[in-house]
Amino acid sequence: MIGVSYSIGAVLVFVTAALLILVGAVGVLAVRNPVHAAMSLIMTLFGVAVAFVAQSADFLAAVQVIVYAGAIVVLFLFVIMFLGVDRREGVRVEPLVGQRALAGLGVGLTVAGLIVLLARSHWVSGAMSVSTNGAPLATGSGNVAQLGTAVFTTYLYAFEATAALLVIAVVGAIVLARRERALDEEAA
Amino acid sequence: MPSIDYLAILPALVLLGASVLTLMLSALLRHSLSARVATSLSVLAGLVVLATSVAQWVDVARHGASSTIDHAVVLDGFSVVATGVIGVSLVMASLIAHDWLVRGPVSASHFYTLSLAASAGALVMVQANDLVVIFLGLEILSIGLYVLAALDRHRSASAEAALKYFLLGGFASAIFIYGAALVYGATGTTNLSAIGYFLAGNVLLAPGLLVAGGALLLVGFAFKVAAVPFHLWSPDVYEGAPTPVTGFMASVVKVGAFAALLRVLVSALSSQLTTWRPIIWVLVALSTLVGASMALVQRNVKRMLAYSSINHAGFILLGVWAGTVRGSAGALFYLMTYAPVVLASFGVLALVGGARDDSHDIDRFRGLARRQPVLGAALAVLLLSQLGVPLTTGFYAKYGVLLAAVDAGGGPIALIALIGAAIAAYFYLRWVLALYAEEPIETDRVSVGRASGLAIALGVVATLLFGLWPGPLAALAQHATLLFHP
Amino acid sequence: MIGVDPVYSHGLGLAVWLIILIRLVVAFAVLLNAVILMIWFERKAISDMQSRIGPQRWGPFGLLQTIADGIKLIFKEDLMPAEADRLVFRLAPFLALIPGFITFAIVPVGGTLTIAGHPVRLQVADPPMGILLMLAMSGISVYGVMLAGWASGSKYPLISSVRASAQMISYEAALGLSIVMIVLVTGSLSTHDIVASQAHGIWNWNVIRLGVVPFVIFLIAITAELNRPPFDVVEAESELVGGFHTEYSSFRFAIFYLAEFMNTITMSAIIVTLFFGGPAGWVPNVAHLRWVFPILWFLAKTTAFAFAYIWFRAALPRFRYDQVMDLGWKRLIPLSLGWLLVVAGFLISVSWGFGMAALALFAWTLLTRAFELGSGRERGAEAVLPVIGPRPLAPEALRELTDEDEEA
Amino acid sequence: MHSSLWLSLLLILPLLGAALAGLVRARANASYRVGVAVASLETVLALVVAVLYRSNVPGAGTFDFMGRWVLAAPFGLAYDVALDGISLLMVVLTALVVLVALFGARDTRREGAFVAWLLLLTSFTMGSFLAHDLLEFFIFFELTLVPAYFIVSQWGAAQRARAALKFFVFTFTGSAFLFVGLLYLGLAHQHQTGGALTFSYSALQSTAMSSSTATWLFVAFAIAFAVKSPIWPLHTWSPLAYAEAPTAGSIELSALLAKLGSYGLLRFAVGLLPLAQVHVRPVMLTLAVIGIVYGSALATTTPDLKRLVAYSSLAQMGFITLGVMTGSKIAMVGAVLLMFNHGVITAGFFLIIGFMERRRGVGVSIRDLSGWQGPAPVLAGLFTVVMMASIGLPGLSGFVSEYLILIGAFATHAWWAVVGALGVVLAALYLLWAYQRVFHGRTSEPIEDATTSERWALVPIVALIVVLGVFPRPVLDRISPSVQQVIEHVAPAGVSK
Amino acid sequence: MNVPAAWYLVLAAVLFGIGAFGLLTRRSALIMFMCLELMLNAVNLTFVSFSRTLSDVAGQVSVFFVMVVAAAEVTVGLGIVVAIFRRRRTTSVDELSEMKG
């Protein structure tokens, strides 16, 4: 790797993305207020979107912002505000002594191991998948066409399965959020 | 557009269709859908799935295994039989749920919309030949179950169980899909067959990525099937979720997850046998021993069955460990026989648990067999089957996986698993003893609904009948595995 | 996301950089000025409709009134509520402002010029995902309102925040679906391509091509996204005092004000781009000035929609909150789904189109019945979400939302 | 070769009886009558089979009545029954002991279930002895646990729950080793032949394996059988279970289920794994001898009569193991005979103890009893006969078998035999001592002598004790060829004589 | 020239680790959900990086599906939180003490 120079721009983009992602992620963990955590989450999500753009996944970057920032985090914020859990949400007493250290150790070791494995394995660059039949990955609008083709051929079944997934999620959410008066009276 | 073999995906379509139909009926009829109609619909759907799987079996037996929709779905003996098992499980789970729905706070249409769709998810997993499809099937199944677990509004434990299940289930899913991403990076595809071909044709000099990915996939599956040490959620969730839902979890989820796990390991990663075997070895040893030991100290029977099902998961993993045809057949046979038994067991629990489904202390079972000999004897048979006593299917289930394990050179691990079974014997027998205890606790007579009764009877008859004559099922499992899609 | 703008076809020379920079600055300046005009326009038009005179003191026809107001606001005292979350309170106004501007960047305001040998499109940027950018920005724009209301640490703004987020999620789907129809007929996500496909004659305008329905859906959805009347339950004065910006004053308030009008203009421009051919229109054969007419067409169309918004405000009563929700979920989303089916069907063949239409009609009938029954049942039990409209001002609902001490 | 239907009938008859007993449980005495009738029929059937049995069938050696049906090919599961001299003796013992237990040790609490469980146990025990297939044997071996568990846990004494659980889990754990071992053996056979998976006894006999493999397998098998027998040091469950079980349960446990262990050791461990003999023989002999001495020593100290019999059984099991493991034909024949004799004798012991308990209403401790001889002379006399047989008084059945074992053992493993002979002396010591305490002396209690039905129950036992002590020939004639066949299979692997 | 994909992969691994750590240690259900989202985003980043390395579109398609799943999970997860909150007015997992694991 040493001796190869990367364009300043690419490095800069990487650093920006990495900063956004990591600062945001640490923010989610460290911040006490859930609204602030949600905002940190948005930061990470944007960082990921930047990283997507840098890796010529423009379409996904846009979808990332629309789905995550535009819907998921809004939903989070909605629930936080709706339930009014925003201000008093601190870190609670740990139920098991040393759980945090243990989790940290476990996760740390796993991630370190992963990084070592990532670094030490040379993946098969150029292994062509069935889907593109060896055609190189396009950028820009060609990319959308490729994505669309893949979704409706190789991943057709998966795509149809998402329909089931969304139906069950919507029905589930409504069943859960539904409030039945008879029951509330009983609870009260 | 890729060609589509509709016969292959028919079972999943039937279940989804039934789910949507239930939903629409409940929305379009003036009066809310009666439990009787909804249950009938669900039972019918299950039976249709079973019938379809028979048709599929004929097809597979005649033309061999095939894959369709651009190799995303396979139609092979293994998937067909697993489909049939899911169909049967669904029928029994619906019957068990019926009595609970009649008296409970949950709307039947909600329950069945979700449970049918979740079963469809399990079917997707069973047939999936692509990591992404497995992931989606897993999520359909899991999301349905999260909601099902939270359905009982009378007990706050229900929603709490759902939350725990959701958080750890989501964690598992994330780990799984991360593993899938790494495997994709290592092999350049997410298709299981393609991964298999790639690994068969290429030697990876530094397979770190593949190892890491495979390990994460395994961890994800281990969470879903509640193998130790990834089992922590299961006792709480089993306890908190409504009992019929728990039965559903213990049967359908296990079938789906194990079928997918087997397919991933056998179809895609069979060349990496030496890598994943040690991991499974540890999982088997821990699951059988810890599952059995922890069950000893429980007083709540649902927690007891949760640990027991961990123990059983360990046994099924033993078949997976073998990684041979015999192993897959053993695991499949185990699933075929375990599902009805555990469902019928939870059927009894749902009845004994009372109208509010909240009395699951073992003391409630004291003297049950004295007061109601038939119900008590049925539960005793089911428990003995889970214990693995001969003349019940439980024995042959264990036999099948042990045979495979010993065949693959796993004498020590087979012995460890059997010692786990011996420990488990303690609490099954303690329970049986309580059933026949002489000084019955003053409790009301348990009323056995017709539907639950039928389901329990089915479970008992199945375990005794095939316990006496396991030949057909064993042959079926064997043939099914021989017709495995490469 | 740089895209395929022909200006880059000769590489990134100094001239190109300059052109890009100028385009940016001009766009920004034009937009700001347009906002100032828009504010004046709205006050004036409303006054006329209400038989009042409106601003008249500053400048001809009171044109400079907005600037005067702005200056006043900047010099007012900046208040920070005691309960406020300071960082977010300061951040929110800018979050509201930025998406509006970024969205404007993808609007083609005219044809293609040739400056110093470089082909220059009159559009700040033409990313290949253009229309997705617009969706993304409209998704983000809600944060300003939401966070402002929450950060104020006050009851009514908080309710406004909750309403904003719910409303936003509810209308995003219909918005996206109507855009999907446009993408279907265009075959591209780029705004340039969308405009180009509507170039030849009024029959090619999407509003006609797709049937009027998608346009209506889009218009309603975008109005709701903008929190403009009649969907301004977020800032319903009669219920929530001032809504999310109750606690804002001075410069920060000015920015909200600015953002609202900027968004209005931007969305008018987007409507024009998506449904009315953008700068397309009759161009007289005048040498050297041919490029001006598309811009004029664009301006005219945009102004027309800006006026339409003002008209809505003056003419339509505000929806109740539950009505807003009902409209979004029970009317717009099913309608746009059904229409999408029909459009897709006709793109395949006519018979498919009629088939899909029949299917959509059937589904619509079923839905109607389901909704009828559903609302009948809800009389016995409460709705899916407690209605955050006039009713929630009941004390227990408020406590549920905000009061913490009582539970603790 | 006779039809295997005879054997199947032996298996099925008790099953039908159990079902019938369960069905008629509501009517007073009905299930008792059904039970006795079925057990009598079973005994007759067993005797008929014994008469029909031929000790030389062309092509099958000493196995007669063969029949094999495959039930589940992928599992190698088959219903495979056959009978040779050794199992014939066990079959007769089973039928007889059950009859005695049902008739003599009646338990009127929920009698229908009790009789049904006993008959089920009979069927499963029969199955184990008739099995000509290792897997089938294992299945029946495991199955016997269930009825035994229920009998002990439902009708036992105060600590019955603990005793039953301990019994079950110990045996279950032990059989885990057997399970893995038999799987290994079957698979090894399959890999050698390349054919279908089978656990048929005659097929597995031809499995080739190294001496160390055989040793490991033997250890695995022996653990299971040692728990069941019980052999020291895996016997710890037995005193508790014998003591807590109801009389009929004690009889079944000690007279029948214990024999499953020694029978399995002889037939499957020794019979299938000749190569292991060299390595394991010293160990097994030592354990056997320790068991003899240890059991006898404990028997001298325990105050509880049931426990005394339990420890004495431990010693007797030591003798059987000694006989089985020496490899000498005489000792082996003696061992098989002792299995039968010990079954009869302990059945007698527990019956009489049961009668005593019936009179006392509680467990019988030697310390509390005294002077029974006066009021109950017949009971005392019967006890004396059984006791003398157990001690090994010449002219009674115990003598023949112990004598054969010791003679055979002296010839091949003199030192072990010498220590083992100590057990005979100790047996005389503790039994006579116990007799003295219980029956001699005085008592003020009015104790009823043996009733008519009690006497009838003991008639077959006393008769067998006397007849086999005087004229064991017909029995020995049936055992010898089968033992010879085992020896011949084992002998080439370096066994002397 | 673009930076090596490995940089992004390592970044994703770290992000995954942070998410996992948060999920295991934080006690607020909402924060735990957010950590779940972090983990899924790390997966997405990994997929996209591999997609570029392999010059294969499958990775990007997978991201698409992961996003759908994330959306579905959040819907249901938040539904559960709302259901619990209705009852308990808390979202801290520790306070869910009715069951002892």
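A, B, C, D and E are the chain letters, set down in written order, and residue numbers restart from 1 in every chain.
The rule we apply is simple: a residue touches a chain if its C-beta (ideal position, glycine included) is under 8 Å from a C-beta of that chain, and two chains touch if they have at least 3 such contacts.
If you're wondering where the values come from, they're calculated on a predicted model, not measured in any experiment.
Enquirer: Shared touching chains for chain C and chain E?
Expert: Expected: A, B.
Enquirer: Chain by chain, through touching neighbours only, how many steps does the shortest route from chain B to chain C take?
Expert: Counted as steps through touching chains, the separation is 1.
Enquirer: Which chains, taken as a pair, are joined by the highest number of C-beta contacts?
Expert: A-E
Enquirer: Relative to chain A, which chain has the most distant C-alpha mean position?
Expert: For chain A, the chain whose C-alpha mean is farthest off is D.
Enquirer: Central chain, going by Cα centroids?
Expert: Central chain: B.
Enquirer: What's the farthest chain from chain C if centres are computed as the mean of the Cα atoms?
Expert: Here the answer is chain D, farthest from chain C.
Enquirer: From the mean C-alpha coordinate of chain B to that of chain D, what's the distance rounded to whole Å?
Expert: A distance of 42 Å separates the two centres.
Enquirer: Averaging over Cα atoms per chain, report the distance between chain A and chain C in Å.
Expert: Here the centre of chain C sits 27 Å away from the centre of chain A.
Enquirer: Taking each chain's centre as its mean C-alpha position, how far apart are chain A and chain D in Å?
Expert: Each chain's C-alpha centroid was found; their separation is 68 Å.
Enquirer: Please tell me the distance, in whole Å, between the geometric centres of chain C and chain D computed from their C-alpha atoms.
Expert: Spacing between the chain centres: roughly 91 Å.
Enquirer: Where in chain C do residues touch two or more of the other chains?
Expert: Residues of chain C touching two or more partner chains: there are none.
Enquirer: Scan chain E for residues touching two or more other chains and write them down.
Expert: Only 9, 16, 19-20, 33, 49-50, 53-54, 56, 58, 61, 65, 69, 72-73, 76, 79-81, 83, 87 qualify.
Enquirer: What parts of chain D, by residue number, touch at least two of the other chains?
Expert: As it turns out, chain D has no residue touching two or more other chains.
Enquirer: What are all the touching pairs of chains?
Expert: Between chains, contact exists in these pairs: A-B, A-C, A-E, B-C, B-D, B-E.
Enquirer: Once bound in the complex, which stretches of chain E touch chain B?
Expert: 9, 16, 19-20, 23, 29, 32-33, 36, 39-40, 42-43, 46-47, 49-50, 53-54, 56, 58-59, 61-62, 65-66, 69, 72-73, 76-77, 79-81, 83-84, 87-88, 93, 96, 98-99, 101
Enquirer: Residues of chain A touching chain C in their complex?
Expert: Listed in rising order, the residues are 33, 35-36, 39, 42, 53, 58-59, 61-63, 65-66, 69-71, 74-75, 77-78, 81-82, 84, 86-88, 140-141, 143-144, 174, 177-182.
Enquirer: Could you list, by residue number, the parts of chain D that touch chain B in their complex?
Expert: Against chain B, chain D makes touches at 70-75, 77, 139-140, 142-143, 145-146, 149-150, 153-154, 161, 164-165, 168-169, 172-173, 176-177, 179-180, 183-184, 187, 197.
Enquirer: Using the touch definition from the top, list the residues of chain A that touch chain E in their complex.
Expert: Within the complex, chain A touches chain E at residues 1, 4-7, 10-11, 14, 17-18, 21-22, 25-26, 28-29, 34, 37-38, 41, 44-45, 48, 51-52, 54-57, 59-60, 63-64, 67-68, 71-72, 75-76, 79-80, 82-83, 85, 89, 91-95, 99-100, 103-104, 106-108, 110-111, 114-115, 118-119, 123-129, 131-132, 136-137, 143, 146-147, 149-151, 154-155, 158-159, 162, 165-166, 168-170, 172-177, 179, 187.
Enquirer: Quick check: in the complex, which residue numbers of chain B touch chain C?
Expert: Contacts found on chain B: 24, 27-30.
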